[in-house]
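The first chain written gets the first letter, and so on, giving A, B, C, D and E; residue counts start at 1 in each chain.
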């Protein structure tokens, strides 16, 4: 029973943190809420018998990807002015329509999901099993995923490099 | 000869084609010779044919080739020749020849000399085809052919818009009748399976009883055609306007030949009309009504040619009366005599106009008796015949008609009375013309008298107008014999005396001036009545407002193609959708996202909620 | 994994090796021409690999299915990629020096497309799509000047990622319902899952449909299309329009057929609505479009609407004729669109001002070859006989009629009728008389235009061999 | 540690809530960075659903997909953030409503 | 093979015309004329080896071997599509008309095309090739192909060499015909699908499809698709609105081909396909079709009357005349059908000639507005006389071809429905009204001073020769139409037998 209680607590934390993340004006604040949310989701993973996933969620998602955001936010150096503007943009007139759409979608999903029954598996899926699957039937997926990462790498390299180079050039020109 | 009657229409046709193709390269004299000679040869051939026919009374049927043959419909290019045809052919070629001759002088100065003769020859050819046709379709060919020639000749001086208007009016108004007639042809063929006149009449008598509806309808449709071509009520309005053409044309087409085609048609198909007595009554009533209407109108006209035009309408009305009362041969007889004297009158008026610098108003003439003697005598004789003074040709024919009308049961006497009134009026207006133009004081000086090419036709026609009444037309085989009974003698006396009274009245009013009608004419009633008559009973006005203007209005209204508006609407609809959707392509990402979410909702709704009953 | 599997994977392996070769080349000495040549050789080898793999038909692990159909499309998109490569040669502004990445990205993207075509599993679908997509984001934003490419790229990225999220969530729902991730598994267990909880699997499929529909730019997921088409460099647009969309459609049809999704009437209804809106919206939007790239974007929306009709007909017909129709339609569409973009690329280049229809005025008289190619392409898109596009439409209508989809066909007719207008506008503009110079394209571009022109006409006028071939796939 | 009686639909419910919130964020935010964050939330929601479903069926596949989603997220974010830098440089703003040079 | 050759000669001739522009500026038109004449000659030579056309056996509608010529080769066997061409009396008439009018059209555009002559002549020849294909194809897919393909060169002719508003006109023309073509495609495919489901084989052959059995409702809808496609091309009311624009804006040769030949493909399609393939529903539908025809007759005439543009007036007169064709076809008895065929031929000549005159006027005066004309006879008497001839031909003067046609149509129609006949017959009156108005406004009336010293050149010998061909043709058709009737008769006979019309020949005379 304890697990269930933990699950609800973790879920609540995840949801609240996500809502906070979505509504913050300051990017760093939002990011921290988002990390909290991810951590809460990691807890859920752990609770439903996916410890490996929970670990990856923390290490890669919260750890690596979010840090990317942090770097970029720092590079862009958004100040107080940005926050003010963000607050202005969060008017009800702006979010009313999307909120209705999201609500409708949510209602639909809830209707769909509420019909499902049955608990999650009693036996946890261990890291070993996942590893075997990854390098068994899914071995090609791993290879292709590497290509995917390569594409991401090359793409961001190409785009980011230009940003940095031009920046430097401008600075040199300024001096 | 009987094998070569096709030459008679062919020669004028060939001449016409020659003149059209090479007219511009020929000399004026050559053109004249070709134009006149072709009709002359046709006339000679007709004469030869006539002599043969008088001897053996042989009906000739000649089939050249089958025009078309479709599903049992096989009209031929084939001719039928009998007494009636002979009369018509004689009139056409004979009078036609004289008028051609007259034209050589009359049109001498015209730059389009060749074109004129080409048209005129073609007209003769078409008219001959009309009367010689052995089936209604070929007749219809001639019928339309003369219509086109009439159109071309009325609008001969095309540079004046009014002439063009008159020509088109002539064609279109007659076309209305023609179309009805075509429908009649359709009906007859559908019912009887042939358009061959003789066979058709025979078949009709087998199929129908007297008084049946279908022959009535068929006859009425044919009458429509006849009414149009012969300028009877209600389709007569084109004829006065058609006087815009050269005067010899008026003489040939609009007096002697084409306008009597309607009479010929009814006479030719009399076998059908006998099956439909109602149709005959209609013909008679149309005839007499037209006759009176036209006579009243003629009384008020001042244009010499318009007077003659209305008089023609009126005289053809008599012919219709004759047909309507079953006096077939009297009708045809009147047709012939009328051709003589009316051609004479028209040619006479042509001579006057020619010599008077194209003056048409009779009140601007006067006193021409001494200066244009030939013309004067032509007019005297012609008018006498027109007024049906005793011993002239018109006297015999008109008398016959009136007497036979009288004998008709029920409405006979009424028709007779009306006919008498018409005769009275005829006498008045014709001698009004004579007195005003030839007597009194001269208002315009003629610059010349007629040359021989005008004088000869006038003289010949004078002769014919005088003695034409003594001719025997060989139509006894064609028409059913009348019963030969005679009405009471007093009827005859009254008939004879009425025209004389008319002439006297004209004399007193327009020459001696003893009878003052100014008061009457100037009274309100008189003025408005006079105006009414002058305008041809306002029928032109009426048609203008009833048909012409609405049609122009309709054409003008539809000009912009309302149907296209439907397609315009479709286009506009597409453009509207395009506009809305383009506006939606605002370039804003959040909006795009929202549309995707909306789409997602839509897809889920459709897929998940409608899924009952799947599999 | 054994040797025959490697043989079956020949195209994919060769493409991967090409990517590696390109990286090595870039690290040794950056040279655009060398990169171009390596890429071309890689594509050609891969093309050879595709025919080589024909002898080793099999399922490679659970992820990929190498069969004749997928190998045909592999060859087709490789050919298309070669054309794109030919067009890409000198489009980029000379001052940007590092262009080698473009070729690397192109190879990776093609690799993604091939994976997508051969996929029989959600994972390979996802990875193929993402590989193709991620490489494309960078390709769209590749030019260093101008704001339009960047705007196009960011729009494509965000919207595409959103669509991916939808797709993934849909997969998750299907997985939750059926416990299977491979198409065949879904086909096998779907019906039972449906019986248990119809809404879950339907909602999942619907979300997958939305995600894939986005990539195909099916209305109402179409809004990105014109902006991205316009913003991207023209060869990249061509790539997006042909390789990317073609591969995604193949994947969709596989998913639809193997997953036996056609048996669910709800899904069919959803597809019908998508098809109808696409046919109408695409054509209406294109109606008065002045920019030819946007016009082609809208036109592609309509075309995938037409193509969806074939999928819908699966409910009534056996898969043989359907896959034949899809093969023909996609081939015709890819050839035609390539021809159009080839001409737009050579004539208009990357200059936005030259992309207006009015800029094509008089093309007939200055550059007859390009104008003819574009004319034939437009006629083919409009579905005029003797072009490949007509035969393609012929298939769609035949299939539609056989399945009795009258409503859809009515919309198809309306849409095509509207379509004629804007295709003709382009032709009309080209036929106008203007004074202009007769600058000529380079030899390679001329050959490409001519080859595509011939292919479209041959496919349209003598389709029998290809039909027979497509029937045997 | 045994995952016990947590009902599948509850987990899915949480994931759908996350998904909807992410979508809401996607639609209301104008700043590109927040937009990317929202995308992460959505992907994360999908990942959660996958892991839950995998747990439900007792298969490792759910977690395999989860890992691939991580890869996808990483690749997308990498390119996305690269673009963010370009956007900031060329448009001088992160407001995506300003990126509407192409329309119609 | 003869039929294939006929088409190929024209196609290759088009290429030659383009190439010949390099030799000299005037070469293309000579080449084009030569090609058409060679084609015509070739056909005549081949025909001379055949039995006399007037003694044709009635071709059995569904037996290819009984036709005058028949050719069949596989094209797309996967769908049973073949290259199947065949010739019978009606096709032959239409093919001859096409080639003759093709030569006339080239003559018509002898001088008025100044730019890109080679391409122009090529388009002209290609559209002729397409038309020939339409008249000979008996595989429905092949028919459809020619049907669509002949429009493209036509589109170019209007779009490139047309007058001031050519873009709009060309577009409208193309969209109307293509959209309706799509309907036809749907119908063809539906018909084939029905046949496929009944027999299990794919076939597009006319002969196989003739006896397709289908539910009445299905047949009705399929028939409607064919009907609309053909009526748009005809053009019948209310689908005619593309025609005035297209005719007005097209160059002279384009108008000649459009009016003379292209419109006939619609009528041909109705006779050959729309009715025989669905005899029962088509004849049930005939009442509506005939009313459309009558409406076209009247509406076209009224609108023609209201026009001030010379070519537009003629275009509307075409609408009116083609209304007769529609009437003739749907009256569906021998008289009316013969009338319709006659009308196709006669209208081809008369309208082509009028368009040539319009083109000549435009070339000389640079306007088509009749308010600018008036009294041109004085300067150009030959042209005036010729115009007069064709005007009276067009108003249906007996002795000329159009009369025979209209009268036969009316005669046949009268046996089917009296009231429609009456309405249609009013077309004779209104026809006279607009025809004569045309003459009045352009050639008659007071001479417009503007043109008096303008140096207008009358018709020369080339033009007169061209015109003479058409005049002679019309006269011959008018007084001895039998060869045409004989050529069409066996075909119509067999079609009538095929449809085995229970069509009531009851005359509804008003009692």
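In this text, a contact is a pair of C-beta atoms (placed from the backbone, for glycine too) under 8 Å apart; a residue touches a chain by one contact, two chains touch by 3 or more.
Only a predicted model underlies this, so the values are computations on that prediction, with no experimental measurement involved.
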item	value
Those chains which touch subunit E and also touch subunit C	B
Steps needed, at minimum, to go from subunit A to subunit B via contacts	1
Chains touching both subunit B and subunit C	A, D, E
Chain pair with the most C-beta contacts	A-D
Farthest chain (mean CA position) relative to subunit C	B
Chain whose mean Cα position lies farthest from subunit D	B
Geometric centre: closest chain by C-alpha means	E
Subunit A and subunit E: spacing of chain centres that average the CA atoms, whole Å	70
Subunit B and subunit D: spacing of chain centres that average the CA atoms, whole Å	94
Centre-to-centre distance between subunit E and subunit B (centres being mean Cα positions), rounded to whole Å	37
Centre-of-Cα separation between subunit D and subunit A, whole angstrom	6
Residue numbers of subunit E (touch at least two other chains)	none
Interface hub residues of subunit A, defined as touching at least two other chains	97-98, 101-102, 105, 108-109, 111-113, 115-116, 138, 141, 145, 148, 151-152, 155-159, 162
Where subunit D touches two or more other chains, by residue	8, 12, 19, 22-23, 26-28, 30, 35-36, 47, 52, 54, 56-57, 59, 61-62, 64, 68, 72, 75-76, 79, 82-83, 86, 96, 99-104
Pairs of chains, among all present, that meet the touch criterion	A-B, A-C, A-D, B-C, B-D, B-E, C-D, C-E
Residues of subunit D that touch subunit C when the two form their complex	8, 12, 15, 19, 22-23, 26, 32, 35-36, 39, 42-43, 45-47, 49-50, 52-54, 56-57, 59, 61-62, 64-65, 68-69, 72, 75-76, 79-80, 82-83, 86-87, 90-91, 96, 99-104
In the complex with subunit B, residue positions of subunit D that touch it	23, 26-28, 30, 35, 96-97, 99-104
Footprint of subunit B on subunit C - complex, ascending	154-155, 158-159, 162-163, 166, 191, 194-195, 198-199, 202-203, 205-207, 209-210, 213-214, 219-221, 223-224, 226-227, 263-267, 269-270, 273-274, 280-281, 284-285, 287-288, 418
Of all residues in subunit B, those that touch subunit C in their complex	574-575, 577-578, 581-582, 584-585, 587, 589, 591-593, 595-596, 598-600, 602-604, 606-615
Subunit B residues touching subunit D - in the complex, by the definition given at the top	582, 585-590, 593-594, 597
